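These are the structures in question, set out in turn.
The two complexes that follow have chain A in common; it is paired with chain B in the first and with chain C in the second.
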Partner chain A sequence: MARFAGGKAPFLRISDQKGKNTNTIMRDFLIALLPVVLFSWYKNGIQVFLDGNINFFEMLYPLFLIIMGGFLSVVMEGIFFYVTDKKNNNLKSISHKLTTSYAVIPGIILALLLPIYTPIWVLMVATFIATIIGKMLFGGFGHNIFNPALLGYVIVGFTLSGFITDAGGVFNGSEVLIDSYASATPLGIFAQFSNTGEAFSFATLVEPYGNLWNFFIGTIPGGLGETSALAILIGGIWLVARKIIKWYTPVIYIGTVFILSWIIGINVGESGIWFPTYSILTGGVMFAAVFMITEPVTTPTNPLGKVVFALFLGTLTVLFRFVGNLPEGVATSLILMNIFAIPIDTYSGIIRTRGFKKPGLSFASVLFVIFIIIVAYTIIASVNMYTAFLPIINIWQVI
Partner chain B sequence: MKEFLNKKGLIIVLSTLLLIVFVFGGMYSRYMTNQIDVNEQNRYETSLLELVNDGVTLEYFDAEGVDKSYHTPGSEDEYSPSLLDSYKVMDDSNVETAVIYVIETIGISAGFVAAYAISVDDDQLLAVKVISHNETDNQDNRYFNRLNDAFFNQFTNKDLDVIDFSVDTIAGATLSSLALDIGMKYARELYAADYAFEIINVILEINSLNYNYDLDTINEFSFIAEITFDEDDKTAIVHLDTDFNYIDTSSGDEVTQGVIDALPVFVSKTHILCLDVTIEGYDETTRELSISVNGYSLASVKMIILINSALDAVENVTFISSDESYDYSHGYSGSGVPEVEQGYIDGFNSQGVILDETAGATVTSHAMGRAIEWIKSLEIALNGGN
Partner chain C sequence: MIFHKAKGIQIEGKKELCKRHPLADYLNPDSVYIPLVHRNLKLEPQVKVGDLVKIGQVIAQFKTYASFITHASISGEVKSIKKVWHSTGKMVDAIEIENDHKNTLDESIKERKNVNELTREELIDIMRDAGITGMGGAGFPSYIKYQTKENIDTVIINAVECEPYLTCDYQFIIKFPEKLLKGATYMMRAAGADEVVVAYKVYNTKIEEELNKLTEKYPHVKLSPVKDIYPAGWEKYIVEQVTGKTYTSLPAEIGVIVNNSATAIVYADAVEKNIPLISRPISITGEGINDPKTFFAPLGTKVSELIEQCGGYVEGLDPMKANYIAGGPMTGRAIFIDDLVMDDTLGAVIVKPFITWEYPECLGCGRCADVCPVYLTPTEIKKAYERKDVKLLDYLDTKKCMQCGLCSYVCPSHVEITDSVSKGIDLLRKGAK
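And then the complex of A and B:
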């Protein structure tokens, strides 16, 4: 059974509310994406054009890429419907299916995750993976396990990123001229420190990009739609105000990343609030917090499940960022957590209805232990943390 | 047909849409990628045009090219700089006003690329611009970053028809300085080949160089040099003033005007003799010989040497003035100026010795050591070489 279906689904409270149905939810979702789309176009197109670094035709490309993301997604789903349902492959039937499938949203989100110089053929491949493999082959809207856009992004990121870099990569026409960027995104710079084990500082991580205000506004290099925390927050506030998403899901996720980053920062001698702030304002943390972990199909639907999901996701994001070789961490951790969305949803639902009794208690206990282990491992394994514990271990040995 | 379109029309439209996006979107992507290079080239050419005030457009041209080798900075090896680009610069009347050579040389690392703009009207180097480099520049005010405006100003409106066609290097960025110096010289060679410009070429070798210790002529000239010049290896002994300007010829072949003009440059660059001591003047009535020696600055320590009445020995040396300063933060613990200078003079006056250098006043110590050595050489010369 679909966990989130077209039309009215009895197990979804939002769509049961007066004036709310899946159509309005998706419409509000598109409205929430609007500030992000506009800022992305402004930062990567209009502003660069005004700087005199690109021509008018080049200025339109970011917007074209985002629109094409949605358009390709719709066309591919249309073809899929045509091929798989021979009895209803007329225009009216397919149009109706497309209307209730909301194909445009994963395509737009996918385009917003990609760098500005992504070639169209790479976008087509990503859209195919997202729409056909990630969504339609699982049964279509409401049946998919993985966030379709994220799946397309991750697979393209692992397999075709070289083509994107060769085509121009992530830096827009003005950013390539800024020497202090040194051809690296903020997370790229952080990865260099992570890999070499050298100490990082505000001067090395933030100052090349100005200050943290630039990170908040979004005038730093990065994927098309993920740099502006401000634009994302505006979209998020709209979604919360419209009761499309629960405010605590993004807050818990961002809070988890913030607190764990702060602890790690303190243990490497950077106790300033700048480091956790930098951590949540870089990469896709904010974008994922508002537009991905609130997505109703691939994340838990009940409040307890959302909390558990956000806690785990935040911890894994930090784990992958600071311990693993993936400077981003968000996409990989979210794909991983998508797998556990159904069990988390199921057992958290049982706990909500029956309280902490079997089988919910067992599940909660296992989850709790796993969570503690991941948190502890993340903290200990992150940057010189072990050496930070050495004095304590020595005291214990003396005793 | 109608039935076919009814059945397959939709899939054809959808597939066509995909194909259109693939083809035209792909062309758009390709255009965007190409524009990165186009924009970069435009910015590059604009930055080159900024080197020439009245430059409006650039025209690429194939330079003649010159095979010329230079010492690799910091090494005994030789290398030939590479000409990467050459442009004619046109003014608003589309008349050629300058030429720009983009040359790759070697500093501390290979890949030091700079543009050199030369005015074709005045035969002057107008300016240089570093395009890219691999020098050390990750520290403020260190290494490459020491190449300041004063350094780059040396390249502005610099005449090409001079013998001393070089720039002063910057301490701490010597190799980077030399990369630009060699690039500039190579640009002049290229310009000479392309525009029939004649580079002044003087054949001159300084075989020996000595101070003039003869009290009878010491006021007339300070140096005596033995030189070989011209293609047929002519030789002469010439007299030079304190700035190495030609005074007269003592013996040998007649010296040409080109050699006379070139002497100050060639002598100042020779390492045959330490040239830190300057003869300021000799007073026959008081038998006082004034000299100065280079310390932190040129001629910063001045002293008077009193010659005995027989004119065959130094009676004593008197300290006059000093512009030196000592570095208390690097171990100097004595009194202020002229403690060190006076110490060296006293050492010579009382025992005829040269003191060891003083910590924290190394430069001053070395200067005074060279001054005392010079005085000892004078004394030997006065005493007929004994």
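And then the complex of A and C:
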């Protein structure tokens, strides 16, 4: 008689096979980021070096910044493990914990979101916020509510953007010499128009940067990794082919932004297809669609939840961008939606099994009504802030 | 519903391990241990220590709201009533019978002459008195299915055997194809139906060959291959594939009865020769077994004897790094001591070494939700269970889960999610009371 080990059914696991577990998923995420990293290096380093505007070491700077992002984030998590777990603070157990914590990815994504001339100390602050506050304080990998990279980016963007602008900001060595690039990213220009209330047109929004093809390739000013739709799409296709992400999440998100932007464009008198295209190719919509809203930890898990999440997020992005006063509507709306991923996950889980019978129906109608209200408000408010509130004001006067 | 496409996935079968040898007989073990437990029901022993029993004699039964009878599987002397390991993972009382190797049959076992004139009620009575239960693993007394008041038009014989490793049904059918069709015919008559459908996996062409030779004699039998996916042997899946209809709790609602193929073969013997359920096929397989085989053995045989017949464990097997699984690898149960006793629901014993690695946390990829055949959201159920939120567990339809184990199977982080869901079901039952 021998005593055997216990265990729980099922006794077959895909994850026990080589190359089918979480480590592979994370490795594939890193591979998907590779085209984006390479393009941003080409655009901000190699191309500028070939133009003769920077020297050889400055050419390596974009790559250095991205690697630094990943490195700092790993180091910070290592320090966190060292400080919080006094019993096992030897090198071996910390490196064990780091292998299942996947700190590199938020670090690299964070560096890709930031502009090229971000001071290293700002990057350090951002990685601290991302990994320690955004991730480890919530309980480490798998327990974070906010997308760590995004939290770091948003907080740095709100508080330290002045230092980034002083250090050189979004323009690389070549772009800073071009006069037609006023003083901001494409969406920055748009924000100026919407602040003053002037009408915008293809000539004022797109032409300073060439044409829409440049937007697609990514030769426009912007954060390190967010400009090139092409490089992001290559990464996205890799992720879909490897079955890491669902194809419909990015498609629904981009589609929602596209359609709502189109409606808003028609509302303000720009019926051309260029406006929605411009809308999805700027401000990191593409980057968010492929690498942020598909990030598994902070978004809903079930298929229906992913669809609902993408729909809400697209609407909120358009709302924040064109109605509110935030040029970076993507990041703010995504941070907001990260919180609502939890109820959406529960609601859609119920709707998924129960269908439109009781209690699924009530949950479905709650989601549906909120969605309709946001969409309706976005479209109405895009015309004029005053007209959006007019009915509410009228009711108030009647009372 | 939206995105309701998930219908199982293909799992590496590993059935060739056990297909190398044909079904081997192991009918004369030195002693058998008949468990006095069936599906959480305690059976009343009908014999005393020292009694001489014959093959087919009733030795224990349970009679309150349902009737379940256990027969002696060998002839000999009742030695003792002692605790043995049962496939439920617990130690239960069992009647030990020492074999006298005379194979004396009970008087009740004899050829039945009027086979073709038996009425529906008589056929159901035979099924009850023979103690026939679902041999696919559930162990539900079969006659209860046939006592339904619904109008049954189809009997489906489940020969799918979708779990990996298992080959006992396959080899049983290959050996007794005619008995399968006979048993199916009697089942059809017992149900008052006019059609029998045998469902099998599409790659099991040998079953198709064997049965096609006989279909001229049994024109009411139809063959229906199903896809090679897990869980294709699930009752609801088969019924949907064969009839195109769905039901909520019991297949009788839409006029269908589903029975396991081994049950049908045993029932053929029960009708024609009045032999009760005393033996069944069992696969002894897995990477930890030297020479995997499928045996036809009397109930109550010690599995360790069968493993010896297979040449024992492979050399260098570390028991603490291996699982000893009673049942299929997806739904079975790990047994700690290799001193298991066969019962009527045990279709396989698998000895399989496993590997461990650094398991990460759940990352919420949603593969469990994608693959769930009943469209549950296992991660949400797990969270609700951890918060002990009974209302949410109910909203999430937790009791729909049939514990196929696919969610744990696909999980890239090796989360014990099936286990959490089944604990959630327990909590829901407790909370509902």
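Just so it is clear, the second predicted complex is superposed on the first by the 360 of 399 C-alpha atoms of A that agree within 3 Å, B and C clash if a C-alpha of one lies under 4 Å from a C-alpha of the other, contacts with A are read in each partner's own complex, and residues count from 1 in each chain.
Everything below uses one rule, namely that contacts are C-beta pairs under 8 Å (C-beta built on N, C-alpha and C of every residue); 3 or more make two chains touch, one makes a residue touch a chain.
Computed from a prediction, not measured in an experiment: that's the story for all the values here.
Of the two partner chains placed by superposition, A:F202 touches none, neither chain B nor chain C. Of the two partner chains placed by the overlay, only chain B lies in contact with A:P119; chain C stays clear of it.
Of the two partner chains placed around the shared chain by superposition, chain C is the only one that A:R354 touches, whereas chain B remains out of contact. In the superposition on chain A, A:T100 makes contact with chain C only, not with chain B. A simple residue count on chain A separates chain B from chain C, and the partner touching more is C. Judged by the touch definition given at the top, the superposed model places A:V297 against chain C, while chain B stays out of reach. When the two complexes are overlaid on their common chain A, residue A:F371 makes contact with neither chain B nor chain C. For chain B in complex with chain A, the touching residues are 10-11, 14-15, 17-18, 21-22, 25-26, 28-33, 35-36, 39-40, 43. Contact residues of chain C toward chain A in the complex are 1-3, 11, 164, 304, 319-325, 329-339, 350-352, 354-355, 357-366, 368-370, 374-377, 379-381, 392, 395-397, 400, 403, 405-406, 408-414, 416, 418-419. Across the complex, chain A meets chain C through its residues 1-16, 20-25, 96, 99-100, 102, 140-143, 244, 296-297, 299-304, 306-307, 345-346, 348-355, 359. Taken in their complex, chain A has these residues touching chain B: 53-55, 57-58, 61, 64, 68, 71-72, 75-76, 78-79, 82-83, 89-91, 94, 117-121, 123-124, 166-168, 173, 176-177.
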